[in-house]
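The following pair of complexes shares a single chain, subunit A, combined with subunit B in the former and subunit C in the latter.
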Partner chain A sequence: MHLLRQLRQVNGLRSLRQATRQVATGPTKPATLQYERDPQPLFTDAETQRLLQSMTQLNLDRVFRKRTVPDNSVETKFMTDEQLDSEFQQMVERAKQRLQMPPIVTIKKDEERIIAKDPALKDFASTKYVFTDITFGLRQSERKVVVRETDGTLAYATLETTKRMNQLYFPLEGRQSYNPRMFLLEELFAKCLAEHKYEFVLDRLLVQYEPHEPEFHNISARVFEHLNESKQFDLLRSTRHFGPMAFFYAWHRCIDDLLYDMIRRDYLSNAVELIALSYKIHKVPVEYLPTLAQLDALQITPAQRALAELRSVFRNREENQGIEQEIHTAIGKTEQDFAADEVSLKFIEQYIASEHALKKVQLELAVQTLKEVNREKLLLFQGLKKAHGVQAS
Partner chain B sequence: MLPIVRVLYSGLASATRSSRGALHTASVVRCKAEAEATDEKSSEATEGEGDGDQVSSGPDPKDRTKNIPVETSMRYLKSAAYKQTYGEDFVWTQYRRNHKGMFAPRKTRKTCIRQGRIATGNPCPICRDEYLVLDYRNTELLEQFISPHSGDVLSYSQTGLCQKTHFRLMVAVQQARDSGFLTYDVPFREYDYNEYYGQNEKQKA
Partner chain C sequence: MPLSPASGIGRFYAKSAKIIRFVRLGCTNRPFYHIVVMERRKNQHQPVIEQVGSYDPLPNDSNERLVALNTERIRHWLGKGAHLSTPAAELLGIAGLLPIHPRTYMSAWRNRRAAAEAEASAEKAESNS
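Right after this comes the complex of A and B.
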């Protein structure tokens, strides 16, 4: 283990650091909604994770959109069907990894932990000494950083110092040693939000701050609040931020706008999952598990759907399936989808009728329109099937 | 004074529409006319200086002492004068460097502007048009110098900017990214859940 000492010109830097700290806590307005108790047990719960992943969906085009990174090269290969299939599977796995949700934890409080008080060392130097353990391969949270004050006290460093030392010796790519102006100045932050740069702001937030920092909670809460007003939820769909956003709304009982958006876009099973999540968080005595089980039986997970979409290149060979496939692509729904819609509509209407829904009229209207569209689609679907004689076979 | 400039402008524009350099001058003159319309006082002052300096009327086209605010530049980039000068191209696409022999020197010139005046016959794309102001708020201009593939600032060997201007461009792009005026692809951060939730929760989940 190497102990490396870091000397600081305290007199010169102290005033400057105090100034930046004041700025850091000052400008960005605090969010109105905060997690009032530890959200971790509910968030890490396996069922919650499954619901959130299902709500996020998996659009491969979106996950693997073209990024402006230094190496953007494309590789072209000849492959057999088996090789291509395994490549598809790997691709879906990689996409899932890209959609890993940032952890939600409580704000960590700074606590003073003194190791030793040595008054004999008082005034041994005019500056503080920071000792950092730079052993290779330690996690950020495991790394020991201690400070010897000028009055001879040896104590564990504050969270801020620890983070700075970590960044100094083991820099995280994309993180700045200073707070970006975007997060510091209220008008710049408001401008970013007004231009709907939600994904960029959140991506940068993940890199810049740790999940247990108050800034992380504050900024993410403000972005989600703004999203709830601008209703541009589709911008975050198929990104790693959708799950935390849905969790945030469910926790703070403001799912109605998101629910309306989901119904309008015909993501009914997602709407059911959102309602179930909010029931789960607030321990509402409504049985949602049977509905979810029914939907699971009828529908496939987003990852499976993405894989099936990729595999559709193989499927053109069987003639009979070809026609059925064509009908499905023309309508956009299969028989099972219609059945699933019926189940989920029942559940959603039950929710709207209950006292938990806040925007009842809006939701009811959306459900009505969706029902009409669905009915027409179903008629067309049945008609097409009859015309092709698929039903008989 | 304004009608004179107009006449001058229209004459220039009609006479030399084919020539690139002359077109550029036309747009500058027209822009100046717009700017002068807004504040009469300062324009008269510059005109006086120009008269002392040059035989022809109108301000000195090589003078770069006047500070153009960014807001004016941002308006200029949206104006018809800009459109007429550059069309749909970037400001640097039509620029060609002057050099002897087949191969251009590896680096561009150090600066185009010395002592407040254009000191060269072929100033770089930013220096030649005084209404192109490099600033972190002027995103429309900055985006023209960023590669859509790698997200980097384009090299001066491609854009032909002089060294000083290129440096100012790099600074402006970094500032713009830091303040959220320009977006970029943030590196992906993978979380180790064990670090935040401990071993037990992971096994349960």
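Right after this comes the complex of A and C.
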């Protein structure tokens, strides 16, 4: 019996050693960029959140696309116009909920909190005891886990043990009790990145790790760094990860690639917001608030735009569709959009001229191309208006 | 034998003696205990009033023994005057919920004495050879 127990101990030690070895090699390589001070106050700030939400955009088709879940079934219903309208509003609310960004908080350090030391208890057992409070209705963060070491010390458990015990007694759906191999083995992780499965990696990361864990910071930073090189930013647009990504670039002063992508895709107000965010984070003495206010006055929020798009169903049914509307659908821009573009371009050019821009030539070219396209569109817009006899307002 | 639910189906008299004790589950050579509240006079495998925790006496992969305690309910039953079996009292003492049980101190110094003796005899054998 004694021999058996010893064998088991040896086994336990071996697996412990294996575990530590795994931790040493994984989770993958460390990222080069890290938050050196607490980003949380700046991230949860209402203005930052508004900027990030606006940059994320809200494409309902993308938010509610089919996923690899057991039930993707669609329900078909007959509804009156009022019912349909309230359903649309609910849908936009649900989409907003789905786009809620995971918080960016500083890494939580493990601190030793000893409750009692009792040297007379030394060697009372051959292994340590881990006690978990399973009182009903507690949140994970307030659940107490304590450890009695073999030398008689009673202390609160480390964060790692607490998480393990929480997962053991109150499992979260989708979270593994071991580190997924995807995050542990460099070649598998690199393969995920090479195949541009950024959203999948980030989703799984969110399920598996808490935002205050070092693995979360490390892996998300590596994903964002890879994204910055592959420049596939559109893969994350209209997902909950776009905001943290933009914040990451703004924090580490590497927004130029994302900015170039935004200009190329004609998301000029987003580009302005990104620049404003980076000014805000680094306390650059440039007045960005007036420009943002101007843009706000000229444009609607992503949620409002999504709702308007849904509601266009009602308008189409009415036969007397305005000629202005027709011109708008033909060109894709209204007069207000042209005005907003002018304001944004001014701000963006100011940024490119300043010392904060790193890829000036590329950005300038993109802006020039966009300007030409815009000019043509404006000419067409004015010509169409003239032809239809709509008075210039 | 059917497992009774944690909320308990055991019938009990209001003024009967209750006890917080272990129930041995698991199987041959693999003990596993539920910590339960039941009437003192009853056999351990009869329906319980309430399950308030679990105890796995075999060390796991990270070489630790796992105990789960519903401290809120344990304190409730202790306040109602429930008794404690010795192993349960020892465990609650180690957990820091109650004062350390004297038997824990006893096994501690016995273990230390045995270790010292083993070391001494090993040294003796070494010096002899």
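Here is the rule we use: the second predicted complex is superposed on the first by the 360 of 393 C-alpha atoms of A that agree within 3 Å, B and C clash if a C-alpha of one lies under 4 Å from a C-alpha of the other, contacts with A are read in each partner's own complex, and residues count from 1 in each chain.
Rule of thumb we're sticking to: contacts are C-beta pairs under 8 Å (C-beta built on N, C-alpha and C of every residue); 3 or more make two chains touch, one makes a residue touch a chain.
Every value quoted in this text rests on a predicted model; they were computed, and no experiment measured them.
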Simultaneous placement of subunit C and subunit B on subunit A, clash or fit: fit
Which superposed partner A:Y169 touches (first subunit B, second subunit C, both, neither): second
First, second, both or neither for A:M245, with subunit B first and subunit C second: neither
First (subunit B), second (subunit C), both or neither touched by A:L121: second
Partner chain(s) touched by A:M262 [first = subunit B, second = subunit C, both, neither]: neither
First (subunit B), second (subunit C), both or neither touched by A:Q40: first
Subunit B versus subunit C as contact partner of A:T68, first or second or both or neither: first
Partner chain in contact with A:A306 - subunit B first, subunit C second, else both or neither: neither
Partner chain(s) touched by A:F200 [first = subunit B, second = subunit C, both, neither]: first
Which superposed partner A:V130 touches (first subunit B, second subunit C, both, neither): second
Lowest C-alpha to C-alpha distance for subunit C against subunit B (Å): 21
Complex contacts: residues of subunit A adjacent to subunit C: 8-9, 12-13, 15-16, 19, 115-116, 118, 120-136, 146-148, 152, 154, 165, 168-169
Residues of subunit A that touch subunit B when the two form their complex: 40-41, 44-46, 49, 67-70, 72, 97-98, 100, 102-103, 105, 139-141, 172-174, 176, 180-182, 185, 188-189, 191-192, 197, 200-201, 203-204, 206-207, 211-212
Subunit A-facing residues of subunit C, complex: 53, 58-73, 94-96, 100, 104-105, 107-109, 111-112, 115
Subunit A-touching residues of subunit B, taken from the complex the two chains share: 147-152, 178-180, 183-193, 195-197, 201, 204-205
